[in-house]
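To keep things clear, I will list the structure first and then write my remarks on it.
Chain IDs A, B and C follow the sequence of writing; residue 1 opens each chain.
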Amino acid sequence: MSLDDATVRKIAHLARISVAEKDIAPLAKELSGIMDWIEQLQEVDTSAVEPMTGGADMMLNWRKDAVTDGGHTDKVLANAPESHEGFFGVPKVIE
Amino acid sequence: MTFLIKGETETWEVVIGLEVHAQVTSEAKLFSGAPTYFGADPNSQVSFVDAGMPGMLPVINEICVEQAVRTGLGLKARINNRSVFSRKNYFYADLPQGYQISQFDLPIVGKGTIVLDMPDGVSREIGIERLHLEQDAGKSIHDLHPSKTFIDLNRSGVALMEIVSDPDMRSPEEAGAYLRKLRSILRYLGTCNGNMDEGSMRCDANVSVRPQGEEGLRTRCEIKNVNSIRFVMQAIEYEARRHVDVYESGGEISQETRQYDSNNGETRSMRSKEMAHDYRYFPDPDLLPLVFDDDYVARIKATLPELPDEKRERFISEYGLTAYDAGVLVVERETSVYFEDVAKDRDPKAAANWVISNLFGALNKMGISITDSPITADNLGKLIDLITDNTISGRIAKDVFEIMLEEGKGPDAIVEEKGLKQITDTGPIEDAIGQVMADNPGKVEEYRGGKDKLIGWFVGQVMKQTGGKANPGKLNELLQKKLAP
Amino acid sequence: MTELTQLTLSEARDGLRKGDFSAVELTQAHIKSMETNRDLNVFITEVPGLAIERAKEADHNRSHGKAGALEGLPLGIKDLFCTEGILTTAASHILDGFTPPYESTVTANLKAAGAITLGKTNLDEFAMGSSNESSYYGAAHNPWKRKGDPRYLVPGGSSGGSAAAVAAHTCLGAIGTDTGGSIRQPASFCGVVGMKPTYGRCSRWGVVAFSSSLDQAGPMTRTVRDSAILLAVMAGHDAKDSTSADMPVPDFEAALSGDIKGLRIGLPCEYRPDGLNSDIAALWDKGVGWLKDAGAEVVDISLPHTKYALPTYYIVAPAEASANLARYDGVRFGLRIEGESLDDMYAKTRAAGFGAEVKRRILIGTYALSAGYYDAYYLKAQKVRQLIHQDFVSAFENVDAILTPTTPSSAFPIGENSDDPVSMYLNDVFTVPASLAGIPGISIPAGLSSDGLPLGLQLLSKRWDEETLFRVAGVLEEAAGFSGLSIGGEG
């Protein structure tokens, strides 16, 4: 098994997905099954290979520095589960 | 200028590296067309890209690239013709995409340097590790509601340059000098307005200590987002002393993020950021590598202004100023321009003296900047001319200067209006001397009896009599003659 | 009027031009078909009212001589495209109630050309799946059934709703997205044409992102010509998408010359593994024969890294997805489950909002990018991806197109493959390599399996050469003479 319970807890926390304690072990088994299958990539000799970072083989398009957006607070907030006086609202964060 | 902390058992040295987030001067954001100006209504400068709405994509603003390259050139740094934007993944309420687009292993600018001119005349070279472009996050406001944090995304997506120094600083003063110098360079270049109070320039300080002479670095703490140079210096000093106390009492420093509380002058651990981070950087697949050629860099280089270091050298060689005076005059580009206007066709040392000793003091007291000075460079120059051509004395000039500050008028008009023209004619001065001698026969006796020092008293009395306008040279000459036994 | 649903998109276009019927009549016929086919669960949201309104506008435009290329043609839109003012769900609970205040570039292009939206079609949640079973809104059903077997079959995925909607004649055509086969695989399962263009051909702006370096929109239709017509409108440079190509859009329909004499067609040996389904192997051989008969030259080629495409994909796509799906946090849109703290709210919202497969992929992606594993998994996968890409680049030095099966099997019953994720992933074994390489691919319905289900053949070409793809596909389609379902009408 490539992923133990502690690793699953850690990545679930990093991904902010709560997983019930009883589900950790089955999930570890399932994810390990996938990772074990992926392990076959290690067979490939990639020592002289440049990684392919994207799908496109073109030049990055640059935008002019012009204000073309903004000024629609209503639309920005329209789908928010919670908003107050033009702000989004979330549970109080203590720093 | 050494800064050492004497502990119970050791003498400690402080090691400081600074990370500065400088807001790029641009109309629109790094990856969206929303505006960047300060102080707008909440969420009014937000595009759907900045709000991390589904399906939204980043497109880079060319000015931000140009500004980063310009800044890199100003820091004498290596420009990387190919750099890569990566996603830095973490969850926070004011980070709408759940990742910040930043640069990781391939930043747009590599190693550079900043030279600090310390007040004791010593120069210190501080290494720049890198400069990269990244998006700012939004703002969390914790004090508008008892149980809620409010989120404003106006800053979300604003372009920042993160400028990371090497751990080359050894005192709070050097850290302060570094920030002032960096701000000065950014302002000269026009790439960041450097306003720390508006958050356009923010500083994270990495602080550690080590016994004097020890090689290698000890565990550092990062003090986040300090918003004034003075506070950065205070925070570093506090933090360094805290480290010394911990080590000397047998403890260990753990690497952590801390916050500076300017109310009590202390740093404290930021518990919310304690959770071990794993940012999972990877190249942003929505963006291709940022690539430009040498010509592009050369074209930007051709438009660079004269920067503070070069200007300072020129002021020393061209105007014969002291290194200190030259250094002071070049910190702000506006000041250097003002000085050069005053110094044009005049004695540069006198010009420097008036600008530094008189004008700076006065502006400081009034709390205004040189661009708002009530005395224009032209008028200050004219004032110097009046001294040079003996129209007024240096003493009167100081009075005229005060009136110019208050009334904003030209020195000619003030001298004319108040009748402050210097008296160089022999007659009126002789009359005044005669009057003083006649009124004080006893003093005349004493002087003639060998009490030479009384000459000063006589000068003062005659000056008073002439309302300070007597030409001091002439007055001296005539007084000596009249008093001679 | 229901026979109007039997028309192909190009026939309907020509009929409207000639005035044989109105856009309102055409739209009404499809709305009726949409209603009678509700058991298929192919639409998450139907917008018949809007469609009729738009159809009236289309008739009005046409009467004033202002008809766009798709004026009055009713389509299905995969519910992954953001549509202004229309609920957009990505088939996920987490996008509950999300009504975008903006329109994706691709759907805006369709709108501007006069097309009519009938509704938003079902899909696997966030386009992650090959059976459409992971939809929060329930599985979509394939309109085809096995001979003598009443069970519902999956339509494939993730664009299963679009494929089934087209096969069932509820719309003239639909648009889908393809990340690892999500257009081609369901097209094959449902007996329709599904086309994935070159990465960068269609803008991704406004399409809910799954895997940014792979996602590509494309048409799903009943004929090759219809796909060519739709793609011409969908495609084009978009300054809002940094990965959108600034290239002219060819006249794809004009590429359907029917002449493939002298073209070289490659047959990759790696696509014929031991134990390949015999129906599929036989169909592939038939396809080779048809192309030869039409004057093409067939050559054996090798794409040596093919076997690593799936594991590569299952690192690259989940890694990108783990970041792309971080924005679903209950703060600015969609579902929120309240919590005691911000982190608690995030974790509860995301646990409740995402389905099992989406969570699995987010966790795999998070793991592959995390400290200590990045080089072994993510970087490694990117390097293997480069090798897979190079395989195609070398192959296309010798051949003009590549012919393969689209899928390793025909459609299967709902629930049959759902307990083992890896066996589900194997559905995309023939489609994923082209996605990784960014090259265009098309699936053409070419025959039936022994139990009466449609099977597709896949054609691949080099980047930006969709014209060759359409040309060969047209010949293959003609030779195969596949007749689709005629449900939804009387014919």
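Heads up, the rule we're going with is that a residue touches a chain if its C-beta (ideal position, glycine included) is under 8 Å from a C-beta of that chain, and two chains touch if they have at least 3 such contacts.
Here the structure is a predicted model, which means the values were calculated and not measured.
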### Summary
Ranking B-C and A-B by C-beta pairs in contact puts on top A-B
### Task
Using mean Cα positions as chain centres, tell me which chain lies farthest from chain A.
B
### Message
Using Cα averages as centroids, what's the distance between chain A and chain C in whole Å?
### Response
24
### Task
Could you please state the distance in Å, as a whole number, between where the Cα atoms of chain B are centred and where those of chain C are centred?
58
### Summary
In whole angstrom, the CA-centroid distance of chain A from chain B equals 41
### Query
Multi-chain contacts in chain A: which residues touch at least two other chains?
14, 16, 53-56, 58, 60-61, 63, 75-76, 82, 88, 90-91, 93
### Message
Two or more other chains touching the same residue: where does that happen in chain B?
### Response
48, 51, 59-60, 89, 91, 93, 149, 151, 278, 280, 285, 287-288
### Message
If a residue has to touch 2 or more other chains to count, which residues of chain C qualify?
### Response
98, 101, 212-213, 239, 242-243, 322, 326, 329, 331-333, 342-343, 346, 366, 370
### Task
Provide the residue numbers of chain A that touch chain B in the complex, in ascending order.
14, 16, 53-56, 58-71, 73, 75-77, 82, 84-95
### Summary
As the complex stands, chain C meets chain A at residues 97-99, 101, 199-200, 212-214, 216, 239, 242-246, 305, 307-308, 311-312, 314-315, 322, 326, 329-336, 338-348, 350-351, 354, 359-360, 362-364, 366-367, 370, 376-377, 379-387, 389, 420-422, 438, 463
#### Entry: Complex interface listing, chain B residues touching chain A
26-28, 32-35, 41-49, 51, 59-65, 84, 89, 91, 93, 140-142, 144-153, 259, 270-273, 278, 280, 283, 285, 287-291
### Summary
Note: in the complex, chain A contacts chain C through residues 3, 7-8, 10-19, 27, 30-31, 33-35, 37-44, 46, 49-58, 60-61, 63, 72, 75-76, 78-82, 88, 90-91, 93
### Task
Under the touch definition given earlier, write down the residues of chain C that touch chain B in their complex.
81-82, 88, 90, 95, 98, 100-102, 104, 204-209, 211-213, 239-243, 319-320, 322-323, 325-327, 329, 331-333, 342-343, 346, 366, 369-371, 374, 378
